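Here subunit A shows up in two complexes: once beside subunit B, once beside subunit C.
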Partner chain A sequence: MANLETAAHPESLKRVVIEPVSRVEGHGKVTLLLDADDRVHQVRLHIVEFRGFEKFIQGRPYWEVPVMVQRLCGICPVSHHLAASKALDIIVGAKQLTPTAEKMRRLMHLGQILQSHALHFFHLASPDLLFGFDADVAKRNVVQVAAVAPDVARKGVLLRKYGQEIIRHTAGKRVHGTGSVPGGVNKNLTRAERAELLGEIDTIIAWSREAVAIVGKLFADNARLYASFGRFDSGRLSLVRADGALDLYHGGLRATDARGGTIFDHADYQSYYELIHEEVKPWSYMKFPFIVERGSEAGWYRVGPLARVAHCDFIPTALAEAERLAFKAFDGGAALSAPLGYHWARMIEMLHAAEGIKELLLDNDLSGGDLVVRGEPQLRGVGVIEAPRGTLIHHYRVNEDDQIVSANLIVSTTHNNQAMNEAVRQVARQYLDGRTLTEGLLNHIEVAIRAFDPCLSCATHALGKMPLELELLDASGRTVGRLSRAA
Partner chain B sequence: MTKTFTLDGKVIPFEEGETIMEAAAAAGVYIPHLCHHPEFKPHGSCKLCTVNIGGRLGAACTNRAAEDMAVESETEALNADRRALTQMLFVEGNHVCPSCEKSGNCQLQAVAYHLGMLTPHFTHFYPARDVDASHPDVLLERNRCILCELCVRASRDVDGKNVFGIGGRGIKARLIVNSASGRLADTNLSVTDRAAEVCPTGAIIRKRHGFTVPIGKRLYDHHDIAEVPVAGMERPKRD
Partner chain C sequence: MSTLLFAWGNPSRGDDALGPALLERIAAAQPGHPEWGEVDLLTDFQLQPEHALDLEGRERVLFVDASVSCVPPYAFDRLQPARDVGYTTHAMQPEALLAVFRQVTGRAPPPAWLLTIRGQAFELGEPLGTAAAEHLASATGFVEALLSGEWQRFG
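Showing the complex of A and B:
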């Protein structure tokens, strides 16, 4: 079968539209083109989003940006808050933050990773995984998880709550705080605050281990399905620490190909634009980033937990590292390219975040008083961070009057644009091709999209009711079938 | 013998020549206001401090207290008017609290909270207003200006510089600066001037210092503006 991006003769095909597929900052849709025998000829995931932030921060004073741009998202605002701060560190000439500032930011970020990963796995993904992709839609939701497995649901809620408490203590608020400023932070943690947070951390680590075990068991029990569902090969991109370790806050860029070969490694992200370009396709509002060296056709890649855990050299916390080794070894590496492997890698990262939080909370630097540094001002700065969903790039230019003159943001979901399209196409080949569409089959597409944890799941899928409308038109445009689901 | 008047039934002592606002503040009673500041000559423009003086409406900051007058301030009708005035101030400018560094220390925001303003109610004007970032140390963010003239008074009466003024009329009124180019950089404003730090909103701010006070430590994070009516100042108390 062809690559399914563009059908050779679309004029004679039926068009099936899944719309809207919601996401946080806009809407997406999936379109399928089918022939008279319901064979799939074209599948596209379109993201209908408007990225006004890059435009309307022009002219704003630069120190406002970390607080303003985090409003891009209500789920992982800390990622934008920190990526913008890192770019502005460069602009205020803060080459090296104080230990207190860097550790406060790292703690904030790990709190964010913990709460976001817990939210995604327990609230959004677990209904599909626990009950089956085509289970009764009335039961495929977190309420049913709470009914059937109340202990799992409760731990999911409390894991997220703990992550949010970390954010509140470091950023000032659970959502949209102000803790990180250009050149550092505006607060530290008192010893009493650290002691309070440390009181729960061993429980959080234990629950995170249990979560990893849940996904590991799902893979073990359903090895063929989990390894093959929507599977495709692609390159990977993430930050790694100088020694190759997983580092979600800072490092150099590593890109590997589908076989694990190095494309570039420890690259300075200040020059990311020499390594990564973005392609525009006429059918989507979201750009398609690619690695320049490989070209737009072959240079696309995936980011996020699966990419990070698969191609880091090791995880610098003991429990998560042990889980990484088991993950890599599973069925000869079968999980490393499987979209559902994202769930496993995501929980390993959650465990790493919990362990990392404990290490930081025990560090007296968090209570230090030296919060901000400044140096020789610059007119351009790039900040990159590994957000829960993947590599996040913020790039700003300022003028001599301290105003932003241009901005470029490449967010995680954008990096995964082509990868999500590939996963959806694979699912269409595997499950939809030649079959009559049902709600359960439709959900297979959502399961594949959801594995990447794009922002779209978060706002509307909490009760398993991502609003969807699916229309089946015949070749003359007449509606022959309709499925819809309200939010 | 001390002269007195009543404010919402409470006996308020005053000294000859004091305004209702001054006497009330000295007695620890808050009357909502934005353009009033005890250091400067009353202006009477924001109208938030409008009170009922024996059946007649007047600004508490400009009307002198008089023996035995009966003043009403905390009435439902007056607070509804104050709320509407505050809502108008919000929609006439571009006040984006979520990304404003003055949030938590802003008198406009704090008054809105005090008055129970939950929505802008009126349609936003979204006026096109310029940001003047030309000065090396001070940013002029006209989107947040409420035309209270505190900077005008501070520059004229304290700094002796006349850097600021209000130009235009009605809805076109705007904060202007006293230089041939119209740019703040070409005035003699200094970051240490009183005018540079008297703004009740975020219209005149010190550059590169935003968000340095963490949430929880800002002026109005734990206190209603009635408890701290003037940013950075203790309420004047009469012994």
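Showing the complex of A and C:
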């Protein structure tokens, strides 16, 4: 079967270019190219990578960076805050944080995971899952979820609110927190704060278990559809702890291929650039990362909850580990390569985050007073964290005057660029109806994209700036169909 | 019962800062206008479902955001709860927030309006543009008039 990324004989087809107008951040576009017999020959998902960051950051003193990077994204500012802090730990020579600092950061991160995963599942994914992909668009939204399952909607809002409270207590503020600094943190958690947050945690864990059960039941009830929808095989990348456990805050890099074979394991991410390169393709403004050892054709991979849960050796919290085992065993592993498996894995991680939050809140180290360490300064540092959507890499160089001279970021959505394209191609194969762009095709493409929850060049959210467009071009270059959905 | 002004946008992305910038101006003027009554000001990067909880106990709500499509300098519209279909968690419409409030609390949301201010450039690290600044000045005057009693004209 053709891979649909690039048509075999494009001379007979309409050449697709990204028009300048589409180079707007936060703008998703899918183009499908037909031949004279109306067969689909090419499918491409275009998402514009965020840009301008280097210019934004160059010349700034390094200690401003953990706060400044939060301006990149309003959805996952904590992930950027922590990844930058980890890179700058290296630059200030802080090889090992104090127990209080590391646990405060871990707590902040788990709060972020909890609130982000709750948002995704309850607000974005649950309408698809509860009503089906073919449901009328007027029905597939959170308002309708609330109408048929008001308790689910309420719990979703309150789960997210709880995660935001964890962030507020650990980062200092709900927005633009300052809690993490190079070499540590600038605040601890009082016993009173811990007691306040502990008061709700058992409810949060219980609701997270319910959410896992909802997705598990949906898979059981729709096994064939869920396992096949947009399915493709790929490699995986994530951090893992030294003992192979899931660790969202720190670890070594593990890469596995589509068959589960190890490409590298426990690799030191300070040298990530020797392991991962990024390919530029003329049709996309977003780069395509790949594992150097396998080359650009075979070395692409997916990141995020599905990759993490699928290839960690175990999850170090009991309830989530039991769910991981059920997830892996489902239908002989059918969920492990299915885009909709992201939803299931995401809820398992949410449960793990809730359990981890409880463990940390019970730990007196959170109230310790030793917050920052320093060591031999360095001129280069890399920080990697498993953000809600996947592996996030921050890489900085500084000069002798402590100013940032260069920065490189690889965000989760960039890692998943090829994987998202593959998912959309699979959906196009299954649901494209000749020359007519149907609402159903748009729905199904949206379902596939939603599974990854791409970061759309974050933090620009003026109304009307984030549509998803679907374009169908025939062999003569004529646009024969166009659908757009504002977001 | 208070009036809530809720703006969202990224202050570091050019004209995306219009909403938060308007609230800064209202905050600066607020001490000189006791006749406005109780007015709460909230800003965030983005509108998200949990913000439904911030609507609790409000007499009325004014949402403020930058827009790439409204007629300059600004547009002002009454909102009704409505569906929201998207493909990313990175955007939410204020109408959907009202609907989330209704479904989560079982009660009607407070009367709500949307003020959109026309912006043009949204690059990271850029300041507010000249045209956007003019639109902001007009919109600020409009909101001050609203708070001084013009709400009555809009029900």
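The rule is short, and it goes like this: the second predicted complex is superposed on the first by the 427 of 487 C-alpha atoms of A that agree within 3 Å, B and C clash if a C-alpha of one lies under 4 Å from a C-alpha of the other, contacts with A are read in each partner's own complex, and residues count from 1 in each chain.
Keep this in mind: contacts are C-beta pairs under 8 Å (C-beta built on N, C-alpha and C of every residue); 3 or more make two chains touch, one makes a residue touch a chain.
Quick caveat: nothing in here was measured; it's all calculated off a predicted structure.
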| item | value |
| --- | --- |
| More subunit A residues in contact - subunit B or subunit C | C |
| First, second, both or neither for A:G304, with subunit B first and subunit C second | neither |
| Which superposed partner A:W63 touches (first subunit B, second subunit C, both, neither) | first |
| Subunit B versus subunit C as contact partner of A:G179, first or second or both or neither | first |
| Touching partner for A:R71 - first (subunit B), second (subunit C), both, neither | both |
| Subunit B versus subunit C as contact partner of A:E446, first or second or both or neither | second |
| Partner chain in contact with A:F53 - subunit B first, subunit C second, else both or neither | second |
| Touching both subunit B and subunit C, residues of subunit A | 68, 71 |
| Of all residues in subunit A, those that touch subunit B in their complex | 59-61, 63-64, 66-68, 71, 92, 171-173, 176-179, 181-182, 186-187, 372, 401-403 |
| Of subunit A, residues touching subunit C in the complex | 25-26, 28, 50-53, 55-56, 68, 71-75, 77, 116, 119-120, 122-124, 127, 137-138, 140-144, 146-147, 150, 153-154, 156-158, 160-161, 164, 174-175, 446, 449-450, 453-456, 458-466, 468, 485, 487 |
| In the complex with subunit A, residue positions of subunit C that touch it | 8-13, 15-16, 18, 43-50, 52-53, 65-70, 81-93, 96, 99-100, 103-104, 106, 116, 119, 122-125 |
| Residue ranges of subunit B touching subunit A (in the complex, touch as defined) | 98-101, 131, 133-134, 139, 207-217 |
